[in-house]
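The next block holds one structure in the form of structure tokens; read it before the comments.
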Amino acid sequence: MRLLVLNANTSDFVTQRVADAVRRIATPGTEIVPVTGRFGARVIGSYTEMAIGEHSAIELMARHARGCDAVLIAVSWDSGLRAGRELLSIPVVGMTEAALLTARQLGARVGFVTFDQRSLTLYRAMIESYGFGPAVAGWRVVESKAVYTPSGATEVDRQICAAIDDLAERDGAEVAIVNGAVMAGAAARLAPNCIIPVLDGVTAGVLQAQALVRLGAAKPRRGGFARPTGREAIDVAPELIAALRGDDGRST
Amino acid sequence: MRLLVLNANTSDFVTQRVADAVRRIATPGTEIVPVTGRFGARVIGSYTEMAIGEHSAIELMARHARGCDAVLIAVSWDSGLRAGRELLSIPVVGMTEAALLTARQLGARVGFVTFDQRSLTLYRAMIESYGFGPAVAGWRVVESKAVYTPSGATEVDRQICAAIDDLAERDGAEVAIVNGAVMAGAAARLAPNCIIPVLDGVTAGVLQAQALVRLGAAKPRRGGFARPTGREAIDVAPELIAALRGDDGRST
Amino acid sequence: MRLLVLNANTSDFVTQRVADAVRRIATPGTEIVPVTGRFGARVIGSYTEMAIGEHSAIELMARHARGCDAVLIAVSWDSGLRAGRELLSIPVVGMTEAALLTARQLGARVGFVTFDQRSLTLYRAMIESYGFGPAVAGWRVVESKAVYTPSGATEVDRQICAAIDDLAERDGAEVAIVNGAVMAGAAARLAPNCIIPVLDGVTAGVLQAQALVRLGAAKPRRGGFARPTGREAIDVAPELIAALRGDDGRST
Amino acid sequence: MRLLVLNANTSDFVTQRVADAVRRIATPGTEIVPVTGRFGARVIGSYTEMAIGEHSAIELMARHARGCDAVLIAVSWDSGLRAGRELLSIPVVGMTEAALLTARQLGARVGFVTFDQRSLTLYRAMIESYGFGPAVAGWRVVESKAVYTPSGATEVDRQICAAIDDLAERDGAEVAIVNGAVMAGAAARLAPNCIIPVLDGVTAGVLQAQALVRLGAAKPRRGGFARPTGREAIDVAPELIAALRGDDGRST
Amino acid sequence: MRLLVLNANTSDFVTQRVADAVRRIATPGTEIVPVTGRFGARVIGSYTEMAIGEHSAIELMARHARGCDAVLIAVSWDSGLRAGRELLSIPVVGMTEAALLTARQLGARVGFVTFDQRSLTLYRAMIESYGFGPAVAGWRVVESKAVYTPSGATEVDRQICAAIDDLAERDGAEVAIVNGAVMAGAAARLAPNCIIPVLDGVTAGVLQAQALVRLGAAKPRRGGFARPTGREAIDVAPELIAALRGDDGRST
Amino acid sequence: MRLLVLNANTSDFVTQRVADAVRRIATPGTEIVPVTGRFGARVIGSYTEMAIGEHSAIELMARHARGCDAVLIAVSWDSGLRAGRELLSIPVVGMTEAALLTARQLGARVGFVTFDQRSLTLYRAMIESYGFGPAVAGWRVVESKAVYTPSGATEVDRQICAAIDDLAERDGAEVAIVNGAVMAGAAARLAPNCIIPVLDGVTAGVLQAQALVRLGAAKPRRGGFARPTGREAIDVAPELIAALRGDDGRST
């Protein structure tokens, strides 16, 4: 299996961290194709950066999905998720959607830990658009830059676990999701120290991508995820133009 | 008042039609600044095209909003709506959101007429993300290309009114919204022949933009619509890069 | 434009304060017709008083709407809103509904400030019946009678802004609504001192009324807001009896 | 037990029909106090008439509840329900709310039969404000005036049962509610001929009123249903003025 | 009237306490048939125990309902509620559902008091499956074993009332439900000392059972509560096997 | 990996069909432990049978989970799902929940095909309790007994595909779920002939079980899925009694 791991941020550092985590999580023999956004924000953390990221993500898919078996969108905002499901014939997985779907099988009420006060309202809007609003038990913000540095991990991990335990005790959370691509693979490290199960989006995303590849569902021929054809676009990546026109040999 | 009328499609034809309608609807003395997307789909009608359109819309705002008093996003999908509210200090209005908010003051249950079967699921997702799902009485698709030609209008209008009356009689719609930028200003033409009130998004959008300009609300300093600063981005329009960095002299 | 400003309370003091505010907010040339309830509570603040106020409000509309272009219901409870939309052919705007609809264009989550603990449950019921329950971030009660006295305004304003900032910081409110007809026009005064945008219902109501007058939507001929005819009623205002019977020359 | 049976319509005919039905349904020894609205619509069937009916209903309660053990609001629109629960210390039951609550114990999804197309949107708004929207399986309108004449009953009953069976077969209704005060007691007559259980509001209301009287719950001292005191009102029934002021010897 | 009072727990102590309470609450002449589960948990308080309790409850109904007029499920979890409504032709009442339905007629927002932290998530799931999630104002846990001992009642009652008043003051609860079969009849004792009305499930259940018996609704012949016939089952109580097969002479 | 495939029905025929399908779907090296209910319905299709099935399912888990890595509940009703997640330390997957979660990654709106009119209301209740009600586009019932016979498959498959295509065309379904354990593995056979992707619960369940085993989430120590201890139960399987008591050596 060949997995396109897509980072719509323009920071190779996060792409590398995600790719390393995916390698540890995926079944042996999985080939990983990590790609980084060509344009847009270093780290997407605002609506404006999300708007650019949508374009960046679908461009990456149009350019790199050919020959892959699935796409993992390794951005907290699941940038380009619906677009990718429409454009491609292979499974497209969003890390936050995957975490939510997986979490539902571990607990009824989900607690979230994130690293930036501002992102709360962005997450909330996304989760509600998925219809998972009622499943949210609560939120905690761990304000820390150390999350981006290797040396800071131990101290931050302690804060994260304290936040998760507090979500369980006071808000009734039964499972926790740690947001952010930078937390790729952290679940394995955090889980032993928390009183409820912990998920990170990249871990959940790899597992859901594998499941969907094995499922091998057919491309829809009706509805919002059927492939568009005969569409005309200008001044975007030639692969996008070709894909929308439909003369790309049904590339995936 | 100076109103930026933003068409994230790359077709000047629709921009012109919208601009003409805005001129008829806006109060005298309103100056209209119509802009057309520089890249992306001729007519946005798929998730992929919406993804590109998000970027296109916020780029247009970063480049052209300076000196304007409000932005009207004249795209059915309200492309860039949240991003614009975050980036700019002036009111940003989405034509479909404006139609929904205005419609609520005319009837409890809203019927929609659109011109393309595929768009139904895209509209539904957007309307539900606004929290207006429960207000929708029903949908009708008038499959017609004539909507884009001047000569075909009369016949299409008849079909639209028949669809609206049917929404009222069978689905209990109390007010109708005719979707699509190409229907800019159509409400005035259609309303006399329908048994329930009719709105189009551009008409509603102009009126809401005027209301918000008069309101003169302050820019939020907290939450998801506070302005981002100190953000780093690459390879997008210089105006976007400057606005995200925050050294653009607080451009609007 | 001639605007009927309807206060279903029986206190001229509030009517005057509202009328003054409307004059400052409305576009020049707007003629204001302020009317006060003939019977019922001095200040509506309970379900019983709301029940009486519904009758009072629709009576005022039946008696005074003729010759007007729109109605602004300047009561927090939007008394008579649905009835007015049914009975009249001109736009009828409720101050709290208008504030909610306008607020949605400024922030995703709305915080409310009110001045009386008891009113919380009444507001909640109303807002949920509008379908806006999920948009509410939180509530704050500023217990103060000074709100009704000119001299107390400064101190109360400080408390209100503190409450609003707290709604933003702790509950994630992105826009605030200050409830109560007595706060007519207060948004302009409060906004500069708060970290999120502030709305009052009368300000929002005037702006929405102007928008709807310009829209000029047709009277519905089907559904719950079509005009009733041939209805028989006794011992209420003759204008109401005539309007329900339908022999009032289609008065508005 | 003494039961105030309140008809906010101004038509004695319906009051009598309801009173007869209540006599058949209530436990022996129940004393019935039927009262008819003093002002307002003959038959409430529009928002305007509902607005007047709210006032009429609470006036009837203020005037006649003293010495009674419970109130049954025998109007489809549950006119004055919240106001009565606030003003009085005895249980106040709304016939449609009672039917909905009782129906939930007989089937998961409720079908409604009503007699007037227009009333659909009014019922829907009320049922949604009770939070029972998701429980509604479907609606049928039996357009018939015969429902108001004794001789027409047999033919109308046949139509109603056909409508109910259709709700069960096609919409998955598991229990049916026949709306309207004029259908008081009809459930007993209809039930044997329908494939799912049938309820009418007056039957359900009598049973719920009896249950609440036996329960003997205390008057709330907090929240929206605590009794208002020290309130000032003018030009309404003296009993209402006294009750709002609180110097009526805590009349019930 | 003959009322089957069903305790799916295997502890006679609770059955007796419930039966005593039912005797005080029910109208004179009510014959009470108390039955205790033959297998399963002493006190159901986990999902596993609830799973067993579902079977236990429907077995008790199949074995003991014949000759009874109604069933009261005196288990907080309403064990076997849907199954009983399907299998039997007499009314089946769940104590928690009954409490919720009754509470809605006393206040808009319901506060819950329970005696075990763990049970919170179980209650929440049940209440949401009934569609009553939005009506919940808040929860309080009174951790006390004394609730099971006669001597401890006074002190626990004080704690419960304090919890209820706190629910009213801080969470806006307008009516309270005290959970647990062991609290059967406690409402009468607690109510005078609380600032909002208080309900216990057994009290509410007896009253709703009486109401449904008087209603005498017909057994549904369609939908999920129609009686199953011709079903084959093995190795369960012979009465269950016969009832599913349908050759039990339509036992109730 | 060792997978307990649990059929709470008492019909070996279905267990075998499911086990065959699981063998085809699971990754090589998966060991399958198929078990059939010891008591209860041949085929669970009513609330009564579901109540018994809850007990049967959790008994099977207590008796057979030791030494397994995951449980797949191969019953449409996900019998014992919550109980199993509480009692065991290994992942427990419900086939219908798994189908719903997987479907969300393939399309926004889900259509259901089932084989028995009666089951509709049971499915609806279950799906709503999972919070997936709003994602349902529509239902189709293919009334056919041939689904249980090998020879009938071709004709039934044609009917199923026609139903699925109709769900897509008329109800806007974007992905379909074919209900029933008897349809285990049918997705692979049906998908090529349908215009939207098709899932069956057993296929989805196997894939989700594999994902959760790889995830290796820790057993929750708080909330509704923490393991109960010190609980007392009588007259059920000794393994259940031991597990509830907690002296089973933490069996899984």
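Residue numbering begins at 1 within each chain, and the chains themselves are lettered A, B, C, D, E and F in the order written.
Just so we're on the same page, contacts are C-beta pairs under 8 Å (C-beta built on N, C-alpha and C of every residue); 3 or more make two chains touch, one makes a residue touch a chain.
None of the values given here were measured: they were computed from a predicted structure.
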| field | Pair joined by the larger number of C-beta contacts - B-D, E-F | value | E-F
| note | CA centroids of chain A and chain D: separation to the nearest Å works out as 52
| Just how far, in Å, is the C-alpha centre of chain F from the one of chain B? | 44
| note | Note: chain F sits from chain A at a C-alpha centroid distance in Å of 27
| query | Using the touch rule from the top of the page, what residues of chain A touch 2 or more other chains? | reply | 85, 108-109, 121, 125, 128, 134, 172, 174, 223-225
| query | If each chain is a dot and touching chains are joined, what shape do you get: line, ring, star, complete or other? | reply | other
| query | Could you list each pair of chains that touch, in label order? | reply | A-B, A-C, A-E, A-F, B-C, B-D, B-F, C-D, C-E, D-E, D-F, E-F
| said: For the complex, give me every residue of chain C touching chain E. | reply: 120-121, 124-125, 128, 133
| remark: As the complex stands, chain B meets chain C at residues 25, 27, 85, 91, 93, 97-98, 101-102, 104-109, 130-132, 134-135, 168-169, 172-175, 187-188, 191-192, 194-199, 203-204, 207-208, 210-212, 214-225
| Quick one: in the complex, what on chain F touches chain E? | 10, 38-42, 45-52, 54-58, 80, 82-83, 85-87, 118, 121-122, 125, 128-129, 223-226, 228, 231-236, 240, 243-244
| note | Touching chain D in the complex, chain B uses residues 108-109, 134, 172, 174
